[in-house]
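First subunit A sits with subunit B, and in the next complex the same chain sits with subunit C.
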Partner chain A sequence: MTDFLNLLVSGVALGAQYSLVALGFVVIYRATGVINFAQGGFCVLGAYLAYNFHNTWGVPFYLALVLTALAGAGVGALVDVTVLRRFVGQPPFVVIMLTIGLLILIEQIVPSVWGADPLPLGDPWGLRTVSPGGVDIKVSDLWTVGIVAVVLAGFFAFFRFSRMGVAMRATAVDLEAAMAQGIPAHRVYRVSWSIAGLVAALAGLTLAAGGGGVRLDIELVALTAFPVIILGGLDSPGGAVAGGLLIGVAQVMSGKYQPEHATWLGQGFPIVMPYVVMIIVLLVRPYGLFGQRKVRRI
Partner chain B sequence: MEATRGGDDGAVRAPAEAPILQVSNLAVAYNESVLALRAVSLSVPAGAVVALLGANGAGKTTLLRAVSGLLGVHGGTVRQGAITFDGEPIGQAAPAAIVKRGMAQVMEGRRIFGELSVEENLRAGAFTRRDRSGVRDAYDRVMEMFPVLAERRRSQAGLMSGGEQQMLAIGRALMAAPRLLLLDEPSLGLAPLVVQQIGEVIAEINRGGVSVLLVEQNANMALGLAHHGYVLETGRIAKSGTAADLRADSDIQEYYLGAGGGDGARRSFRDLKGYRRRTRWSA
Partner chain C sequence: MARPGTLLVTRPEQRLRLLPTNWYKAFVILLAVVWLTVPINLSDAWLDVLARCGVAAIGAIGLNLLTGYTGQISLAHAFFIAIGAYTAAWLGVRSDLPFLLWLPATFVVGALVGALFGPFALRVRGDYLAILSIGLLYIGQHIFVNWTSFTGGRPGTSTGAPAAIGPLDFADLNLFDQAYSRRQGLFWLVWLVVAIVALLARNIVRTRPGRAMQAVRDRDVAAEVVGVSNARYTISAFALSSGLAAVAGGLYGVVALTVSPADFGGAPGLLLSVQYVAMIIIGGIGTIGGAVAGAVVVVAIPRVIEQISNSVAIPFVGPGEPISLFAFNNMIYGALVIVTLVFEPRGMVAGWERVKAYWRTWPLAD
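And then the complex of A and B:
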């Protein structure tokens, strides 16, 4: 039982990271109708920026965390203003290729700036654990869950209640009608890219913390977040969170129990498991768990 | 329809001040090739209701897009001519800047934000405004004008009836506190009773001091409300005059009002547009 609780907490922590990355995908998809393949690259940049803030420039860790989030938002906004702004109105295919190009660019820049070897983040959590009631829990997992909870609460409050949040949702429904209300589409795009950059940077930081290390393959988290968004519904921020948690927990659980009870599934099963869950869910609900079947009166 | 307002007394009311909207010699092309408007001139006197009639594809919506800065979304460009709002050129202005100056549009087909609540739709309409108390006043006025919306503030806009959605679209435009309101076929696909309600609403908005450019195929309704009218035909202004003159015009009677006028005409518009008959009316 303690074993199970133990796994549950680390599953939720992993899922929280997936949720962040998936939310970034969803926000960009809703605003622009494309999948941002550079999202994993944003995560990597976040981790390295956190490394610089904390280790190179000696900023206290929790302040570095806040600065990393802001820098991530800045990276997102910068990418929008310098590159993507010029391609508004182009076919989605063009923009998708651009994001792939961006990812390749980041993959080249990172090793040449920071080197190819993993770097220690130097977070105060490290590998420490606490054991309330005999359940061993990594401190970094607790912090991850807490940080993600705060960010998500902030996002949903913004998305639901703020003027810009309403404008973002209106734009996702009908771009031209939103423009006719005086909502400037370019600002909606910029805010969306900033949010995507912010959540990605924090995801990267938490992945590098807790002994994970600052490394290029943090970007692989995006590969798992991909089935998460398909699962949750491409256009549903709530689905991104639910899907992330589901896959995180399922992945950690299967990592533990599958080798013991279902060896025949092979060694790499936890890696493909998210895709298996995705396919099963899509068979039942083709628009994802939370995706909308369009309601519209004609 | 007569309950709204006669065109005759309207013509008397039309003030002689400088026009709030002036379109001069406007030509618009889509994709650098298809000319949708050729040398169109039209003006809306401040405080007036001006009707713009025309068959499908005449270029009515294109004219409104040009005025509100939305041509770019459709790959359209202004090839010649000028548009001034309140005496200032707005030909190059962004839609948001135009809304801020006091022009709002009710788009063809309502185009409400279906996944958002009624209240959120109205908030979106007030996006350009910073004065909170002014927005609250506008909100209260919209709720007063459209009791249906007040009852359904929290419900999802896409689930409302066509008539209610049209009311919402008009309410949303009013949230910007416009001095000029553009309406693109607000009677489209609505039952006669609802069309009459919409007509009354437009008259009330105009009495409140808002100038109106009303695009319609329902000439009966439009000329009943308007002081002046224009008829657009394949991108050109074919006729213009006071509402009374246009109603008396034999061509317009034949084409838009039907030989006998009244309901026969309305049915033929529907056939023209290929409307599906609606089965349920809750507005």
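And then the complex of A and C:
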């Protein structure tokens, strides 16, 4: 039973990281209809920026955490202003390719600046664990879950109560009607990209914390986050979190139980498990579990 | 009286001709001459690059039929290329079938698997389909690693399938008492297949199936209303595109001699698929010539940069400098995609058309 609880906890922590990445996708998709393939690149940048703030410039860790989030938001806004703004309303594959081009650029710029070897983040959490009731929980996992909870609460408050949040929701429903009401679409887009950059930087930081280290393959987490956003529905923040937790727990569980009970699925099955789940869900519900069905007109 | 120029199109058939003007005929003859003479004049290293360009051109034509003409986004192209490579290894190397049997068989296997994936595209659309196809890459990776009897598992399998058409063995060519190297022979073979595939694709897109595919792309519901079956043409496009990808994979195996899941599965597979999408974007979405041109540019650029960096030092780039050559290549390629999309979203072909239109109407156009 303790075993099971341990797995559950690490699954939830993994899922929380997926959720952070997925939230970034969802914010951009809702506002601009773009799937941002460069989200993984934002995560890597976030992790390396955190390294710079904390280790190179000696900023205390928790202040560095805040600075990283802000810097991530800056990166997002910069990308929107310099490149993405020109492509509003283009066919999906054009924008997909554009963000992939960005990803390729970022993943080459990062090793050119920081080198290809993993770096220690030097976070105060390290490999420490706490054990309430015999269940081992990594401190960094607790913080990850905490950060996700704060971000989610922030999301809810922002979209529910702030003027900008409501404007973003209106833009997501109908761009033209929103503009007719005087909502500045460009600012909505910029804020969306900033938020996406912010959560991505936080996700990168949590992935590098807890002994993971600052390394290039952090960006791969964004690929695993694809099934998560599809599962939850591309335009549903709540779905992103639900999907993240579901995939996280399922991945950790299958990592433990599949080699014992279902060897016929082959080695390394937990890695592909999210994709299998995604395909099955898409066949039953083509717009994810919480996604909005699009009305198609002639 | 002077004949009306080619600018004036009075009948629809004029647009549908395979070779609309004498310039096109001259161009085709020129290409044939280049094809015949290039291997005699170039080094083996460059011929290898060009053979890989040709392999990519076949795959890119396939992807363009699917994405450019039918409007379905797929990032699973690498998966179908892998299927082709493994099937060719199975039929060509281990069963020792001749070229004219294993290559069509590879097409058929690829097309069948593609047709199985096609129905997904009817249910799932646009962005969702793109991500679904990424899922196929990862599941493919899993299968390629675990199904060792077919794929050789992680270490991969050798893929030097026979490349002889009748008495002409392109892998070891001997013509008129003149021996040619493997690279020379394979260049001729690969680009011969490119020509056949391009002709096939061109004939498809200028006749009824091609028009139906474009109708599905432009407005699928409206296409259905006027009697174009969405299901039929979407699934056919997937089958055709996957079949051509498989042919490209089979030929890739012949050129590269071994393949492993590290070439096609998971993240490397995604990069490969993205490269194919980049080819059709840089070359020109929805054109056959654009697919070929884009394939040549995307595959050849890293080698050209490598050559340049051997003679001229690029600042900050190279061994010991902050930017490795590999990283620099990828930066160029990422930047190329972005620049193309920003300045010429319809690719090199559109740029060429613009130049052509300017001179054809000169001095009337501005």
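Rule of thumb we're sticking to: the second predicted complex is superposed on the first by the 289 of 298 C-alpha atoms of A that agree within 3 Å, B and C clash if a C-alpha of one lies under 4 Å from a C-alpha of the other, contacts with A are read in each partner's own complex, and residues count from 1 in each chain.
One rule holds for everything that comes next: a residue touches a chain if its C-beta (ideal position, glycine included) is under 8 Å from a C-beta of that chain, and two chains touch if they have at least 3 such contacts.
Only a predicted model underlies this, so the values are computations on that prediction, with no experimental measurement involved.
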Notebook entry, point to check: After the match on subunit A, would you call subunit B and subunit C a fit or a clash?
Noted result: fit
Margin query: Contact-wise, after the overlay, does A:176 reach subunit B, subunit C, both or neither (first, second, both, neither)?
Written below: first
Next item on the list: Tell me which partner A:287 touches in the superposition: subunit B (first), subunit C (second), both or neither.
Entry: second
Check: Which holds for A:184: it touches subunit B only (first), subunit C only (second), both, or neither?
Finding: first
Notebook entry, point to check: In the superposed arrangement, does A:8 touch subunit B (first), subunit C (second), both or neither?
Noted result: neither
Item checked: Dominant toucher of subunit A (residue count), subunit B or subunit C -> C
Check: Given the touch rule stated above, what does A:81 touch, subunit B (first), subunit C (second), both, or neither?
Finding: neither
Notebook entry, point to check: Can A:230 be said to touch subunit B (first), subunit C (second), both, or neither?
Noted result: second
Next item on the list: Determine, under the contact definition given at the top, whether A:104 touches first (subunit B), second (subunit C), both, or neither.
Entry: second
Note to self: Here's one for you: vertex at subunit A, rays to subunit B and subunit C, all C-alpha centres; what's the angle to the nearest 10 degrees?
What the structure shows: 90
Check: Does subunit B (first) or subunit C (second) touch A:163, or do both, or does neither?
Finding: first
Margin query: On the combined arrangement from the superposition, state the nearest Cα-Cα distance between subunit B and subunit C in Å.
Written below: 16
Check: Can you list the residues of subunit A that touch subunit B in one structure and subunit C in the other?
Finding: 296-298
Check: Which residues of subunit B touch subunit A in the complex?
Finding: 68, 70, 73, 94-96, 98-100, 104-105, 107, 111-116, 120-121, 123-125, 127-128, 156, 158-162, 165, 172, 176, 276
Checklist line | Complex contact set, residues of subunit A against subunit C | finding: 29, 35, 83, 86-87, 90, 92-94, 96-98, 100-105, 107-109, 111-113, 220, 223, 226-227, 229-230, 234, 266-269, 271-272, 275-276, 278-279, 282-283, 286-288, 296-298
Item checked: In the complex, subunit C residues that touch subunit A -> 67, 73, 120, 123-128, 130-132, 134-136, 138-139, 141-142, 145-146, 219, 221-222, 225, 267, 270, 274, 277-278, 281, 316, 322-324, 327-328, 330-331, 333-335, 337-338, 341-342, 345
Margin query: With touch defined as at the start, can you tell me which subunit A residues reach subunit B in the complex?
Written below: 163, 166-167, 169-170, 173-184, 292, 295-298
